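Working notes for the structure below.
Naming follows writing order (A, B and C), and every chain is counted from residue 1.
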Amino acid sequence: MNAHDLDPLHEPRALIELVNVEKTYPGAEQPAVRDLSLAVREGEILVLVGPSGCGKSTTLRLINRMIEPTSGSIIFEGADVTNTDPNKLRRQIGYVIQQIGLFPHRTIAENIGTVPRLLKWDKKKTAARVNEMLELVGMDPSIYGPRYPRELSGGQAQRVGVARALAADPDVLLMDEPFGAIDPITRDRLQNEFLRLQAELKKTIVFVTHDIDEAVKMGDRIAILREQSIIAQIDRPEVILTDPADDFVENFLGSGAILKTLTLNRVRDLDLAPVPPVLPGASRTQALAAVEESSSGVAILLDAQEHPVRWVDRRSLDNAAKPIEQAGRSVNVMLQPEDTLQDALSAMLQTSTGMSVVVDGRGRYLGCVTIESLASLLVQTQNGAA
Amino acid sequence: MNESRASRLDLIVTPAIGLLLAVLLFVVWNYSDMDPTTERILEPANLARQLQQQLILAFWSTLLVIIVAIPLGIMVTRGGARGLKNTMVGFLGLMQAIPAYGLIVLFFVWLGQGATTVILALAAFSLLPVLRNTIVGIEQVDPSVIESGKGMGMTPVQRLARIELPLSVPVIISGIRTATVITVGMGALAFLIGGGGLGETINAGLKLNRPTAIFVGAALVALVALAFDFAGALAQRYLHPKGL
Amino acid sequence: MSGIESWFEYLSKRWDLVASTLLETLGYVVSVTVAAAIVAITVGVLTRNRAFPRELSLAIASVFLTIPSLALFTIFIPVVGLGFWPSFIALFLYALLPILRNTVTGLQGVDSSIVESAKGMGMTRLQILFKVELPLAWPVILAGIRVSAMLTVGISAIATLVAGGGLGDFIKSGLARLPLPNSLEAIWTGVILSLLLALAIDSSMRGLGRLTTSAGVRS
């Protein structure tokens, strides 16, 4: 399937287009990118993914002309920019690379202000924008603004890298394995943060990775590339996972493609099971009534801040001598609406009931999710994709 | 002559040895018996004039080296000049294997007597450290930093002025420090071709067999070099860009 | 007569003098390099696990290299007189730093897990030093010795000013007789022979490096 085959009426306009682009490095026999046509739609995250050496980075770098194409043309916001001033083009496009490349001799604030200053914004406007950007990525401007890059952790440096790329408010962001050099836990957090940011900013993003899991998680659409940057398949992740175009794509997805669909959906997509809360200070009789009312035979005991603390069922409430604050089992694992279904599955597998508690950002009880609701959503996804 | 002294003790050991030498010089100057000849050699006005000559020679040759070597280093690190770079560094490396003594005499043979000859000889001998450090300084800049500058739309000149040069300042300064110490010290050989300098005092001591004069001349030359090296170490410490 | 021809003629008439001055310079190179290597390697080995004395000795050795050659060659004259000794002492002090620095770098470059595993196999500290650390650091140390040897060739030309002999004699006598016949040839003799000696030492030391370095760590 190709992006051009889709009905143009239902397709958002393409912000960037590569038209028959080819890149052959001097002295090379084979082109690194062969006759590539690709349209990036406004507001989407398009992930370019493929084995190492397939030319995905080269493709990305062709867009802001870090690499000049041998032939073909690059259309940006409707205008052919193949032969315009590349520096002007790059100032309109955010660019984030794996090594981040913060300027070590300049403060964080100066780093973020780079493109605004290149665009000759005045100092005041730049400073205001820098503060806004730091707040956007969750860093206190008064603390981090005057610091130098070497004082940052890897995750913080990456946040600053994103803030710097967004500083001049570009419509387009190019990201070349931006989270590639970061430890898995931080990477997961940064990915989630970035998705939250993107939901707000609605930038047009081209994102390169070699990690199919990351591609599935981040992409609105995924382009799977084979050598010479030939598009093996380009589509929504759920379609690619459930209906790979050929053996190459299937091999690249690896085993457990279905399991990967777990990262496509979030806990908020699941139906909450009716597990009633028991408020603090409730009597044993009130608690028992709640358990009776519950279809699953359990209730959740909350504390004064509405944080879930214990699972209780009929048997655990039998012992009249025990205060109900000590009845049942404590709640150890909690999910938040932004967590992926993969997180949900692993949380459920840790409880004997196949259920997990969901709380909001402040830890307040929202409800429970069950393994059944997860299964039914998976079936829906596959049916919807096919 | 060595530019990679990272040791923090630099800032203590150099002045400590300098101080030791100064004390020794003070003792010799005040408490040794000097015959009229020695006293004539060590006439303070003479010493001051020679010191001044030597510093002027060092100043102009170092300035010349900076003016020539830094732009040259920038030039050969631009793309497409790799071959030129290796040839040049190789040639200058070979030139450094020529004894300083021989080099200064050869320059005299070619250019005749005069301050210009000395300045050019000193510059030729100290060109390499600055050139090499400019090249090394620029090439050690993290490519991803330059890449991100390029990605944000900096022109080649902006990348040079705002990224590459500021980030190579410490290495370049270290090269200039080395060159300064070389020119200040080698200026002591200027007397060989009539260029003056404190070498005259040492030479007079040698010719007239006056060990006290030899020592005073040598200690002064050493002290001047140590002072400049120390000043260089201070400059390196305090001109160091903050974020590095 | 062209310059080169007259130079060869000059040389052919003075083989004895060339040979004896060359030997004097070579004598400096050998004695200075050996003495400096013994001292610098010993210091490097003894301070390998102690940061302060190591940094201190490096700092002191580098101060020597800062002192201009004419000053260092002449400053000991009141104590040791003219001739071989002031030259030897100056050259020795210059030669310390490259060897010391490379000994330190070489020893610090030995992977600590290798030392750990040697310890684990029951090797004593001396065995670890001589069978593991020094052989692994040797290529780097030898590179330092090579630098010192070449440095000695170049600087020893000054020795002639303190009656220490060597190839500098040609430069001095040439300069003194300018512009008389053969004065230029004499200067060139000093310069070119110094250069050739430095190159010869460079390549022979590189050869020695290949012969004395374990095939496993040769680059």
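FYI, a contact is a pair of C-beta atoms (placed from the backbone, for glycine too) under 8 Å apart; a residue touches a chain by one contact, two chains touch by 3 or more.
It should be emphasised that the depicted structure is a prediction, and the values quoted were computed from it without experimental measurement.
The minimum number of touch steps linking subunit A to subunit C comes to 2. Greatest centre-to-centre distance from subunit A is found for C, with centres as Cα means. Taking the mean of all protein Cα atoms as the centre, the chain whose own Cα mean lies nearest is B. Put simply, the C-alpha centre of subunit A and that of subunit C have 61 angstrom between them. Note: centroid distance subunit A to subunit B, computed from Cα atoms, is 56 Å. Computed from the mean C-alpha positions, the centre of subunit B lies at a distance of 21 Å from the centre of subunit C. The residues of subunit A never reach two or more other chains; the list is empty.
Subunit A meets subunit B in the complex at residues 64, 66, 86-92, 95, 97-107, 114-115, 118, 148-150, 161, 164, 174. Remark: subunit B residues 1-2, 4-5, 7-10, 12-14, 17, 94, 96-103, 105-106, 108-109, 181, 184-186, 188-189, 192-193, 199, 202-203, 205-206, 211-212, 214-215, 217-219, 221-222, 225-226, 229 touch subunit C in the complex. Looking at the complex, you find that subunit B touches subunit A at residues 142, 144-155, 158, 162-163, 166-167, 241-244.
If you check the complex, the residues on subunit C that touch subunit B are 55-56, 58-60, 62-63, 65-72, 74-75, 77-78, 97-98, 101, 150, 153-158, 161-162, 167-168, 171, 174-175, 178, 184, 187, 190-191, 194-195, 198-199.
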